[in-house]
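By letter and in written order, the chains are A, B, C and D; residue numbering begins at 1 in each of them.
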């Protein structure tokens, strides 16, 4: 593609443009946190390559006068086969980042999944969502009482779906991030100077209260440790490295709503998730931020759909940048494509308006793609074998299925 | 290949050189319209990669003293296994672009397929063709009477073959084009300045009547809406998003000549085309301008030839740049290779002479290639299994066949 | 590999270095003639990629104290599994280029194959070879008497092997060369100036007699048409486009020595060659100079060896640049690896000494490679299955075999 | 990954950073010796590509509170599934390089394998190792008495494991190195000047005794030939090109400890190694320094593990740069991943501290990777099929197994 310049949200045509803008708008350390992948970025790049390697065979001459992108998650309607994935530190990209993401999600009729590490409280987010799908993501902590307390607050706030993230017990080796800090929470001099070059961001994010705090964790911390540093330290102390299926059983006891396990990739783990009471799974390699050299959710998808689609809802994240990526995932049997960086680029590029721009882009692209594929609704898309498995690893997955 | 400069038509050795010249001769917005692919250009690039991945096994020691490139489409002779594909806005590249394309097609004895969006009228083109194969491409419009009127004019003008394009009901997301315009029909300032740098083009194309009008649509429009903008608006209003096989049945009723469906890629759609009365199909992904991430016609070809070659004529377009590309298509069973950008580059580079140059290049290359393959005529070429399916996706297609 | 400079023959470590030197030493048009491939260089590059895609599995702990590179062609001993392929216009690279190539071939105990288009006469080459293997390559001409006369001279000069080239009936579309000339034999101004920048070359090649003449053709031409232009015109007039297997039968009648057909790639053509009396074949795509998009000899080799190795000698050319390439060809069953550009780079870089340098490099590399593979002689190498067919197209060939 | 600068050991995050530092710290000729691969670096690059082509499927929700990287080699415990491979000339990178490598190995509880070409004596290394695993690598020399003498010294020094290198009988064609020297041991002027630009290195390595000598060879040489030049000449004279399995039988007679054969890649050679009394093998292509175009140990591993893992210990080297590479090797059945350049980069970058840094990096990365894979110990890792064989050549190997 020819090079082009994007300086304003109005000029952005696609997620990549939002990424360009985001890089401009926020300090390097904050952009890097969103962008970084583990070690050599092998997983990060592989996620995209798998999408690129899939080819679609369109159908023609079907009535496309109405294209319906609505679907259901757990028999509840959503307007698009999307959701906004749980990500931490969102308030570093834009003031009250989680609230902005939540409002955009509400506007587009898709679930907002709030992270344990949200910079807003569950209750504040719930207030913005006004009854729209609010899912809560829980990092399982050593102290069961804390987990229970967070689940209680989530249930009270109206969350019907709980997401347990399994692949972050041991934090990924993100060298890009490590180079930004001289020690935890302390930026290198170069990065500090870079912050100074972003006064608008500083005014939006830092003024007058300083670095955002973790909205859900304050009640567990003494007031003088509410800072990001304090919260991060608390979580790293509390993160349960012994996390196993027994802890899932406890969660299952403690949580009566829908339970979704996020971070699974192996078919045997899906089988275990079902056995331990999960209602859905999010296939994920954490956007390439954890295990470098991991398979991609997309290449695992066909074999997993083949075996488990009738028993649970199968979502996936990691690498969605185009509506056609979403179409490919659904054509291979996924129920929903969950968004991480795509909407965060929008948030960093333009706050709530940026998030809405991101969702509008993906929504438009998906609708166009469905129309060009000859699929007037999501059910058609999910029922259609229209993918040529040119990617060798996907072929492998299909053969195993 | 070593870099080289091409400034005059006489220096151009191949289609790529014509492309280089075209980029020089016409304003950026017009070149971009020809050049642009949907979104990330994945389909656009994939089309070429599939050609490049195919290897031929030549035969030796066959009498090549005479090489005969003639063939038949619907039992009517053509001099070369080519046709010029329907493209709109041709008059933006060179004054009376369609007439120039038509005259060159006549000179080389190949069909000219006129677009609904032609900047010349059917009758004007017919006058130039003087009985040479004239095919008319119809965008099926909401108002059946308009379609009927256009078919009637085509039949009256001597067209024996009608082409229905199926894959443009929803226009592709061509971001390159979108960046050239601030709103439909209104160029950005930078592009306007760029136009000013092409006075020869302006003199040829714009003077004295301004932007060319759509020659076939004037009768349906009030005089003050004859402009390109008016025509484009009319078509976008009239484009039938509900286009389906029932509309093909209507067309079949309304048209007694040969009926060709363009834009199919799925074997099941070929079967439906036959059922609904098509005489031929043009496998096409619209030159990568519509669905980004589509399979290429070439990779679908073997499986489709295997099943349907005895029941209809199978043509294809999307990506032909060399005579050897044509040879590969015919060796895999296609009856004809249809040209879009290849001849448009010629038109933009040098008017009718440029189109003839493009056709002469491809004709010479095809003849040389046939001679080197040991195929003295098109029948030999079509009957020969001389392709090594190294491209994985083609292999897939062959295995399915 | 790190960049490095090569200015003198003594600094050259490998064929690529000789290529760098050659580019420096001779005018651009002459280097380009050696270097050029057809059209997009697809075949040229593919030839190398196939070699690169083949991996060897070495054997260990075999006595490598003596490594014997000798082999037999038609039961006659050669010191290395090489030959110098027939190429025309050699005198343009270095004065008396064919004689220098011949002397180097004699020194290394390998056949020299003289081209019909040699710039020396058969008899002059024979005088230099002093009984070393002298093969003569014949372009089959329209006038059988001329072919017979050339064969008679070759036999009288002691040639026991005749090579018929089949793939040059229609000359490849080498655009690089076409750009060097304003019309046949007339360089562009830029190329003429470039010649002037190579006074040493001019002194060696052009002084005092001008452009070298075709040594074998003078007797068929009036004295005033002995020039390269005249010879090239004569050959292009005489080149038999009707060349077919009947002409091979005639040759077989006219030639009692060994008959080798060069330019075959299809297994069915090997079968025909045997039927028509060939004693050997040279699998070749003419070094990528003829059909662009051709399979490579290496990928055709396994299937052809499997079926025909017991019935004829199978040689190949096109792309040998390293001793390990030769080892790969022999490990897949070839009897000999024939050299074109590799020794011409040497000739252009340093005359006879340059050719010897090229042969010494390849000889040393082959010996090292054999030692590292655990093959003490050529028979071991040819009997060994040590190739992993990672190249998909080769895999195809192996599966067919 | 974004570019970044590494100037001090403390800034290095991974082996690639140590490589960057090493290039800075030692003269070009010495870095080049470590870095160089044979000929076109095809093997060198292929080794890395095979690692990159392997994808892992992580397991989730297993208790990762304790990750145990210990394993056993020949039933003796090691702390990590690593060893430091035998490399010569280590003293050229840092004074007493072997002693520093040995001390770091001891500190991390992994074997140090001392080369015949060590710049320290067996006894000096043993003194540093203080009972930690000390393996001795023997180049089999023509004079059996010398080999016996070296084995005797190794046994007396406490070595229980002997490693015989098989793939260096004929030295690889490392052109990078050849370009650094005008003749053996004599640097080019450019490289001499480059040495002068590294005064710290010169002070560390050369002062006051000059170029390090081969510590194990002095007793076989007259005092005036102790120099590197003298030792290299002695070894090149003594290197047994007739090395074969009979010599292994002799070694087996002469050595009562564990016997490991290094440099095997062909399954039939593993079978022979077992027959001739080997206890283990190191699959290796000598880090791409010997046969260019070799298969990689990793792609041979699955077929060899399948057949021989129950009969001997299977180690491998060549290309380990990340903890995840080690995890992949173990997941495919290797017992240990042996390190060559990885620890040498550390040595050149920062002496013993640099080696420890390298080992800490790999150790941390392996632990993180195991945790993310859900493998709490090495046994779990080795028993797990979690590799997607997307690399075609590996697929080949798996299919053969």
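Simple rule for what comes next: a contact is a pair of C-beta atoms (placed from the backbone, for glycine too) under 8 Å apart; a residue touches a chain by one contact, two chains touch by 3 or more.
Because the structure is predicted, anything quoted here is derived from the model rather than measured.
The minimum number of touch steps linking subunit A to subunit C comes to 2. Chains making contact with subunit A as well as with subunit B: none in this assembly. At the interface between subunit C and subunit D, under half of the residue numbers appear on both sides, which makes the contact a different-residue one. Farthest chain from subunit D (centres taken as the mean of C-alpha atoms): B. A rotation of 90 degrees, rounded to a multiple of 5, brings the CA atoms of subunit B into register with those of subunit C. Spacing of subunit A relative to subunit D, judged by their CA centroids, is 42 angstrom.
A straight line joining the Cα centres of subunit B and subunit D is 59 Å long. Within subunit A, the positions touching two or more other chains are listed as 392.
Under the contact rule stated at the top, the pairs of chains that touch are A-B, A-D, B-C, C-D.
Taken together, the subunit A residues at the contact with subunit D in this complex read 32, 39-42, 46, 166-167, 169-170, 172-173, 175-176, 178-179, 241-245, 247-248, 261, 263-266, 268-269, 272, 285, 290-296, 299-300, 392-393, 396.
Those residues of subunit D whose C-beta lies close enough to touch subunit A in the complex are 1-2, 4, 13-14, 52, 54-65, 322, 324, 328, 364-365, 368-369, 371-373, 386, 388-390, 392.
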